[in-house]
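Letters are used for the chains, namely A, B and C, taken in the order the chains are written, and counting of residues starts over at 1 for each.
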Amino acid sequence: MGPRPSPGRQRTFRGHDVTTTLGVLFDGIAYGMLLFLISVGLSVTMGLMRFINLAHGVFAMTGGYMTATLASRYGLDLFVALPIAFVSGAGLSLVLEATLYRHFYRRGPLDQVLLTVGIIFVATAIAIYVFGSQQQPIRIPEVLGGRLDVAGVELSRYRLFLVVVGIVITLALVFGLERTRFGARIRAAVDQQTVAAAMGIRVDRVFQVTFAIGGGLAAVGGALGVEVLGLDPNFAARYLVYFLLVVVVGGPGSIVGTLIAALLLGVADVSGKYYVPGIGAFVIYLAMIVLLFLFPHGLFAKRRAR
Amino acid sequence: MTAILETRDLCMSFGALAVTQNVNLALEPGARHALIGPNGAGKTTLVNQLTGVLRPSSGAVLLDGEDITRLAADRRVQRGLARTFQINSLFPHLTPLEAVTAAIHERERATTGVVMRCLRGVSRNRVQLDEGQALLATLGLERDADTPTHELAYGRQRVLEIALALAAKPRVLLLDEPAAGIPEGESDELFAVLDTLPADIAILLIEHDMGLVFRFATRITVLVGGAELVTGTPRDIAADPRVREVYLGQGVH
Amino acid sequence: MSLLKRSDHPLARRERWKLGEIVFWVAIAAVYFVFPKSLVLASQILIAGLFALSLDLILGYAGIVTLGHAAYFGVGAYAAGLLAKHGWTEPVSGLFIAALASALVGWLSSFLVLRGGDLARLMTTLGIAALLYELANRASPITGGVDGLQGVEIAKVLGVFGFDLYGRTAFGYTLVVVFALFVVARAWVNSPYGLSLRAIRENPVRARAVGVPLHRRLVTVYIVSAAFAGVAGALLTQTTQFVALDVLSFQRSANLLIMLIIGGTATLYGGFVGAAIFMLVQNQLASINPTYWLFYLGLLLIVITLFLRRGVVGGLLIARERWFLKRAAR
């Protein structure tokens, strides 16, 4: 589990491996950006609809498999495949929301957990059946391959691309929430659902569109993540803890919170694996437990009035 | 007579909003004290501070001379402070008998043996069960004793609210709008219940139904904007022009 | 009082052992004679049923949603295994020690688990189980890591009954332990203490307002549940003489939840019925085609959550209520 390492060249400064440290840090940030891309949709839907969607990783898988298939079957470039992945993720979200999820908004967390775990199982089985249980190979575009020299440190171009995409999406989301009318509706629905509905905001539409955007973003994240995280049918179950962790620690409903939590997790995980290989994911779980103990409602929890 | 329940300069703010301002309340044993005031005056917030649901920003709550300001809610019940809720807060799938019996068991838990409490069936703990039945009978609920609470009529649920509070054998009882939802003029049954409450219990009644208030209370406190406007006998309060102004918005000319 | 003198008062009725319950346990005991070749599977079902019962205590009766209950199962399993491997081979005392170990871990984790809302709780329980899994994985010199703990030898039960290849002693031993714990759980749930737990689940605010020490009760339930889960894990170790790493896996916690939901929560028997159904079907399907098993399991979960929320036992109880009402109406 976890990202594949990107190679870096050794370079010392006063005897310390600055390059390696920076390289590890950068790798962690890129990994964190990926987690953010996938998890931000989950954060907004959890904050907005209080719906515990454990199957969120399925949207990421959809994007990943869509992209991999388009590349291997039709030779489609990653850049072309990304929008298609977005649409597939958004589409799947809309279907699931319409058929299943909307009946569970008022049901307790247990029921939501059961439903979405069932969806994970079904999706995993379908993936095994259709694609086989091996890792999906992916070909990244040449322009993104190789390394770029930035201030003497060699960074993977692909990971640079991830960071850029992450920043762009963050800005777009924050701008969208703060400046657009639809964003205002989302914020209203998050803060005071009943009042928003009484003011004429179509809360169910807001739910649907938000869900679709979240699912689409997750799919894009999944597509971009094939190179870094790998893709196999167990993806949704394996990374479940990570997505939930990012959302819960960052605070459901907070975009900035999700970003910070994702970056922290990314850096912690990569550093942990690089510097203390025996520890593995141990540190992550420990950190999560400690953070949840200190901040039971997340770092940037939106205080909701109901 | 020393007060059995009193507050000393009780203050509570939510940020910049002051919801309780220097309230000094004193209840004697056996008191029949009513707390009235317009909506939003902070009456329920005050009850929440008395019972431990909310922590006041400053000031103290004393029960029989003991400072309970920091005491947990369930411990206050053990000390003899019980309340009812303005909006029914009951156990939907428990029967009234189960609910009051549970409350009685909590009250008695220090003296009941562990084995009796944790391994013997509820029906085999006859003492508490009998007391529960008796309590329901005094309030006229014996016919509904085995019906799940959520199937009871609203009025009966309101009475069960009081029964649950009484099961704790409190020395002080806080009734938060017991007539809520009951049309004015139909509160006779409720008044009959209030009348049968033991004389040695101190009762603080929060109500909007003025008929009920003036029949029941020997002392009335008027709360406005979280602060005490005036405290006095029913006659004093009825005659006080400031009270009329608060309720009817009329100045005194 | 008049109502209570009649022994068909609903409270007394619920506490009395019903004919169906006695038939249930006699039938299980009869498996020894009727299916002598399937005793190993039968033991596994009983162990899973006990594990599910432990989850029922916190989920069905106290309302705590957890996806990491395998943590306590695993602690019990490894405790029993390590004890036996290092010389303490007496089984019954091994069970006690394993129960204590998992109770301790349960107590420690209660500080983390009983904080925050449902979501934080879900994550914390997931995290604790995942943490222990990693720990067991990395500590392979002690635990055997991915290969599992081997060299577990168990002495004869009561000095008389040795564990045999057909699983006869294992079955009898498991049945006695599970039944004993079941009787305790049943008494506990029907006691005034159990009543207070139901009150907490129905309305925590009001429970506090009638004097129930909420947090203390939940901690106690959690500890007892952990102990039960630990005994189940220890039984597994002692009867199979092996500890696999997957006793701590997410899959085990998820399967447990599914078993309990299939059978129905807060019925005491739901865990056993669900475990039986789950493991019997898994036994058949998973060996034919694990992918199909996974698919249908997921589908089953979705369908049950949508339509059969009370589970098998819950559904049966509802049907019986309706039948009683019809009879009374006539």
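What we mean here is this: a contact is a pair of C-beta atoms (placed from the backbone, for glycine too) under 8 Å apart; a residue touches a chain by one contact, two chains touch by 3 or more.
Keep in mind the model is a prediction, meaning the values are calculated, not measured.
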Connected chain clusters in the absence of chain C: A | B
item: Centrality ranking, top chain (CA atoms only); value: C
item: Centroid comparison with chain C (C-alpha atoms), farthest chain; value: B
item: Computed distance of Cα centres, chain C from chain B, in Å; value: 42
item: Separation of chain A from chain C, taking each centre as the mean of its C-alpha atoms, in whole Å; value: 34
item: CA centroid of chain A to CA centroid of chain B, Å; value: 50
item: Touching residues (chain side chain B, partner chain C) in the complex; value: 51, 53, 72-75, 77-78, 82-83, 85, 89-95, 97-99, 101-103, 105-107, 112, 116-126, 128-130, 133-134, 145-146, 164-165, 167-168
item: Residues of chain C that touch chain B when the two form their complex; value: 1, 3-4, 9-12, 15, 184, 187-188, 190-196, 198-199, 202-203, 205-214
item: In the complex, chain A residues that touch chain C; value: 46, 52, 100, 103, 108-111, 113-115, 117-126, 128-129, 237, 241, 244-245, 248, 252, 278-282, 285-286, 288-289, 292-293, 296-298
item: In the complex with chain A, residue positions of chain C that touch it; value: 59, 65, 67, 111-112, 115-120, 122-124, 126-128, 130-131, 134-135, 137-138, 250, 254, 257-258, 261, 291-292, 294-295, 297-302, 304-306, 309
